[in-house]
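Common to both upcoming complexes is chain A, partnered first by chain B, then by chain C.
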Partner chain A sequence: MLGYHLKLIGRSLRQRPTHAMLIVLGIALGVAVATAFSAIRHSFAKDPIPEKSSTLHYVRIDSWDLSSYWETVPSQLTYIDAMAIMRSDIPVRKSAMFRAELNVVPEPGKTTASREAARLCFGDFFTMFNVPFEYGKGWDRSADEARDPVVVLSKELNDRIFGGSNSVGKLLHIEDRDFRVVGVLARWSPSIRYYDLVSGRSQSPPESMFVPFNFAGPMQIRPVGSQSSWKPPSGPGYEPEMFTGEKIWLQMWVELPTADKVVAFRSFLDAYVIDQKKVGRLRRPANNQVTPLLDWMAERHSVPPETTVMMIVALLFLSVCAMNLMGLLMAKFLARAPRIGVLRALGAQRWDIFVLHLLECEIVALTGGAIGFVLAWGALFGVNNYVKSMFRRADLFQMDWTMVLFAVVASLVAGLMAGLYPAYRVCRVSPSVYLKLQ
Partner chain B sequence: MEEFGPIFRAMLRNKVKFGLIVAEIALTLAVMANCAAMISKARNEVNRPSGFDDENLLAVSARPLDVAMRQPGALAAMFRRDRDIVRAAPGVRSMLETRFAPWSDSDSSTEIRVKGTNVELPTQDYNIGEGLTSALGVNLVEGREFTREDVDRDTERSVAVNEPTPGRGTDAQLAKSFEQDVIISLAFAKLAFGDGPYVGKWFDSDGGSYFHVVGVIDRFYKPAHQQRVDEYVMFMADRDESYQRGFRALVRTEPGQAATVARKIEERLQGSEDLLEIKVEGIPEVRTRHFGPQRLVATLMGIVIVLLVLVTSLGVAGLTSFSVTERTRQIGTRRALGATTGTIIRYFLMENWLLTTVGLILGVALAVGLNVVAVTVFSGTKLNVPLLTFSMVLLWTVGLGSAIAPAMRGSRISPAVATRNI
Partner chain C sequence: MLKMSRVKKIYRTSLVETHAISDLTLHIEAGEFVAVMGPSGSGKTSFLNIAGLLDTFSEGQYLLDGRDVSHLSDAEMSRIRNEKIGFVFQSFNLIPDLDVFDNVDVPLRYRRLPRAERKDRIERSLEEVGLQSRMHHLPSQLSGGQQQRVAIARVLAGDPKLILADEPTGNLDSLMTGEILDLLERANEQGATIVMVTHGVECAARAHRRIHILDGRVVAAEPISSPTAVHDISFEAATA
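On to the complex of A and B.
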């Protein structure tokens, strides 16, 4: 019966190929738009590091003055507070960090120098965020303490400077001194720069190089991105402004793998704030925030609301396409009614007719879905190209297996919505009417 | 009009089939009208003028790539060279040294108080050189703009406060009570002082600095991250010579020469003795980038509307065609009884017109409902009557248009068919 029906489906598709194509294309368009628009939202909304997002926490302390600029707790820390947290042993991994721009001179004296986005961070950064390496690895805590001049390069920068070769061990001149390359990243470009949702556009790609945080002082590196202060520095120069003053400019991440660790870390922060109040710092009421990654992303609105609206529009569009499919299938099935009458008279059960027709709808929907997914993929390429100059990257929106699954489910649901009624109608065909006519 | 009764009774007997067309039209209208509202909002944002001479403005940036430039003396010399190169380039009408650029994504803002009050007022704040009004194409309402002497004096003073110079040290005393002349926008002046005159008024800030209003410009607009400061600005005289940021200027060219002048400036800076990273960008490009997300939303919504109309017309054509096939015998009988081809076409078009109209009426209700959700949950755009009317007229036409071909096919059914079996 199934084989026979499949043969029938095939024959009916071949008989009116344009009609069949229109049916399939209609649902393909629906799935294409729904998948493409959902993928756009998904690029921002997905968990960027599912294996440990619940253990990564962003830390804030309210170090602001009583004046009004920050209505709530500021989004970054002062150097004093960040270093106090770095001294805590409770987090299994931790890193204060900031974004900067540094001059890179591959060969001194040549005019190939360039200014590169850099992240100053601690060695824990790479293991904390599971950063993938192509060559070598990050540096360890002893390198941080000894202030070893080491650097990790992005794949793109390594391609540009060292032609993509294994550059571990080579020297790179950054600003006024030489750094030794210890690692080169594999391709790593999350749609959201989730480890820094504060400096500039969070859709920017990761920095081209990673430099040990402890060089900030000796090289007098200032951040690019957000920084603010309620109190003018106590004196001239870098240190009073950045290190000993009340300027907030650092992001702070800690990895707390268990609930106990979270509790312990929170009480550590509370105790720290009380101590600081005793020495006359931190004038506002204590407001310490230890925020898990996904909550922090939600708080920073990493999903633009327009993308949610667009996804809803796309799903409505898919339902219009499903309605359309329903009309076309009904016409197709009822045109077949005389044959169904004969089948029924020969003993086919209503249920069989129903299931077979529903199956046909799902085949049509899945075929359309497959075409739709390919179209959506193409559309994402187009959109990525369109936004290239805006975000300075061509891989902002990405397809993944979740979106494949989405396309399959969307097609099946659309097929079911469109097919239920026509299949029901055709299985109710009364054999006698058509036998009479024949 | 005698068809009206039979059409209506036929619809009642075929609720699902006809209901489907009605529902499809209704949903199409609802989605389409809301998409159109989003597009019109995006267009309004994109078309908002900055009030400056955008077409003839260039943002110039030349950043040193040589650490030797970190030395204050070397840095000042580099700035002098860059300044002279840009100002002397042919086609340059005026030049304003500043990090500020209309429509750029970075902005700087602060909070200050009217002297003697406790209310913190938010405003954008930028350091500038001389030549404000001619570069931006704005007018002074009151007071004066900065002269080269103002800029040189205040720059020197701020260097003394911020950067330790070898031998001389820094002037900590100066930092304690720093007085600076400022030029503000009229909107900010009104916010701070109400009615004029404004020149001679004072601001102060937490750091113990005082700001003295010397000039007021008539207009200013730059979208900032904090939206409420878009029209507020406070300009201070300072060349802001920083190694990290490099030389930054806004250049106004002779009308229509922006592209040529940009190339000239780039070439000449390239030829300077310093190792520089140079970027010269027209403000229209900066603007395009700034509105990128809005343009993207508008484009995608436009595509959705086109596809929606396409799919719906396909659906209407399909269902009408189905109707025709289903009623082959009926049409044949009517033709045999004397109905003309015109009558048959009219019958199907009338049926379609009725369905579309019912669909559109329901669609208006659905569109408004959807819009209420969009506005309350996603702070979307309110629908308006012209948009809704336009969408309705379009769908009406599309609905009728897609029914014509199947109706014509129906009219060609020969009366003889009625006598045959299927």
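On to the complex of A and C.
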């Protein structure tokens, strides 16, 4: 019967196309607004690395002093604590890291320097976060230990400096020394810079280049973004301030693929803190945090609350559109009363009539939903351009299959809201009443 | 075929009670061709709606083909309408955006018959009414008489035991009227019971007997022609 119903609906829609088009546009408008605002929220809320997000853990240790007024554990680590974790064999991958800005001179003596965002990290970073490469690859642990002067470039920086060619093996002058390019990233633009929810805007794109962490000391590279300390440095200079003092400035990620690994790592941290207390550090009660990525995102409020409010308002708008269309559908269905009377006289049950009309609502709603989705896509394009200067990227908000599914479900629900009552009403009236209208 | 006992249809509002059918008692045998007559507002159409299970009634009992249909569910009534009853209306009641073939197909679709059987029935019934060449015309491309023939083809395709015709020739000229009555007569000869509401005496003359309804009651029933067609009619004339 489904095929027959679809045939009847097709004929019916062709009979009054303007009326059908009005309903389609009403749903399209509602779905467009709902989908666009939901996509904005979804860009912040979605799992950025679903294949392994549960294994990635952000590590914190309460390194505040007893005199510190902060109640919560600091969001970053000291160098001492980060390096202690880097020495642990429990995580299958691990990386301390920080964001910086470095001068890059493509051709020393010929071109001027440009200031580029950089991330100083360990080689595990690329595998740990499944970073995609267009050319080459990241560096390995031996390069970290040997302090090889290597660099990985973003696609954008490689396009700017090397015209998009395969630059692996070429030298790039950064600050005061040459680095050898070992990898160029493919396009990589997670909506949230989820590996660093501490420094600056988390919606900013990933850095332009990635430099081995062990060059931080020799090049005296300071972080850009959040850093704090409860204790003045023991002396002047970079090392006493950043490496041996209590400055909190490093993000620390570990990959723990099993529950046993998580338990073992927590035990390791507990033991480490006890040891540190013996030497007079970490004097507050132990409060070690090993937080899975999605929990960390929630804790850092990576979804701005205003996007949730906007999404709720947009869904209410869709509901209002659907409720308004209810009247239009009621008029449309009742105008078709004689035809329904004939179908009932010829053997159609109430259920057949109900399904026929609800199906028509859903077909119209899905058509509206498809148009609405395209409109929402256009709207996101506009919003991305509007916020381009704010976030230095034009692809912050993106559509994905989740949003396609959202648009389909939103359309179906809107169709149901708009059509349920008219379909119910039209199937309940006695066929003899319909036939009198002939 | 059709036996109604003290059937009432009452429309109630907060102020008045309107008796569309009052104590209607009637018995129509299988194979009869009955003309139902009466002035406008006498209850003919209400009777036909109840007889065709298009409307419910307030009191009484109605046996259709031996089955009490007084308290059936909508699904059961729909199935009986689909399988046992055929309707012919004054205004044809074809679906305007379906072509002739698809219009005749409607009751067969709801009977969930296989495609090949539906096609066979449709072609045979259209041939019977002489419209096989107009199979893919829309109703608006046909004359009134042709549209009514399509409506009859729709009935014949379903092969119902009971055909209810509500002034089937009311919108037709005399030539077409004759053709439509011929088709109904032929259906009757093939075994269908026919109950036809009509104002026309000439039309009624084609029936085996006439039933007169007034104020929702049967007031008279008279045989018309052949004695074999006259049955033992039990009716309670409410003429007192």
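Going forward, the second predicted complex is superposed on the first by the 411 of 438 C-alpha atoms of A that agree within 3 Å, B and C clash if a C-alpha of one lies under 4 Å from a C-alpha of the other, contacts with A are read in each partner's own complex, and residues count from 1 in each chain.
Here, contacts are C-beta pairs under 8 Å (C-beta built on N, C-alpha and C of every residue); 3 or more make two chains touch, one makes a residue touch a chain.
Please read all numbers here as calculations on a predicted model, not as lab measurements.
Undergrad: Touch test for A:387: chain B only (first), chain C only (second), both, or neither?
TA: It touches chain B, and chain C stays clear.
Undergrad: In the overlay, answer first, second, both or neither for which of chain B and chain C A:319 touches.
TA: first
Undergrad: After superposition on the shared chain, which partner residues are touched by A:15: those of chain B (first), chain C (second), both, or neither?
TA: Touch status of A:15: second partner only.
Undergrad: As a test of reading the superposition: which chain, chain B or chain C, is in touch with more residues of chain A?
TA: The larger set of chain A residues in touch belongs to B.
Undergrad: Contact-wise, after the overlay, does A:87 reach chain B, chain C, both or neither (first, second, both, neither)?
TA: The answer is neither, since A:87 touches no partner chain.
Undergrad: So, A:338: does it touch chain B (first), chain C (second), both, or neither?
TA: both
Undergrad: When the two structures are overlaid on chain A, which partner does A:278 contact: first (chain B), second (chain C), both, or neither?
TA: In the superposed model, A:278 contacts neither chain B nor chain C.
Undergrad: Does the superposition put A:349 against chain B (first), chain C (second), both, or neither?
TA: second
Undergrad: Residue by residue on chain A, keep only those touching chain B in one complex and chain C in the other, then list them.
TA: 338
Undergrad: Flag every residue of chain B that touches chain A in the complex, lowest number first.
TA: These residues of chain B touch chain A: 16-17, 20-21, 23-24, 27-28, 30-31, 34-35, 38, 63, 65-67, 70, 105-106, 111, 120, 161-164, 170, 172, 175, 206-208, 244, 275, 277, 289, 292-293, 296-297, 299-301, 304, 307-308, 310-312, 314-315, 318-319, 321-322, 325-326, 374, 378-380, 421-422.
Undergrad: Could you pull out which chain C residues touch chain A in their complex?
TA: By the definition above, chain C touches chain A via 45, 49, 52, 54-56, 74-75, 78-79, 81-83, 87, 89, 91, 93-98, 106-107, 109-112, 154.
Undergrad: Using the touch definition from the top, list the residues of chain A that touch chain C in their complex.
TA: 1, 4, 8, 11-12, 14-15, 338-339, 341-352, 430-432, 435-436, 438
Undergrad: Could you please specify the touching residues of chain A with respect to chain B in the complex?
TA: Those residues of chain A that touch chain B are 22, 26, 29-30, 33, 37, 65, 67-69, 101, 103, 105, 111, 113-115, 175-176, 200-201, 222, 224, 230-232, 235-237, 304-306, 308-310, 313-314, 316-317, 319-321, 323-324, 326-328, 330-331, 334-335, 338, 383, 386-387, 389-390, 421, 425, 437.
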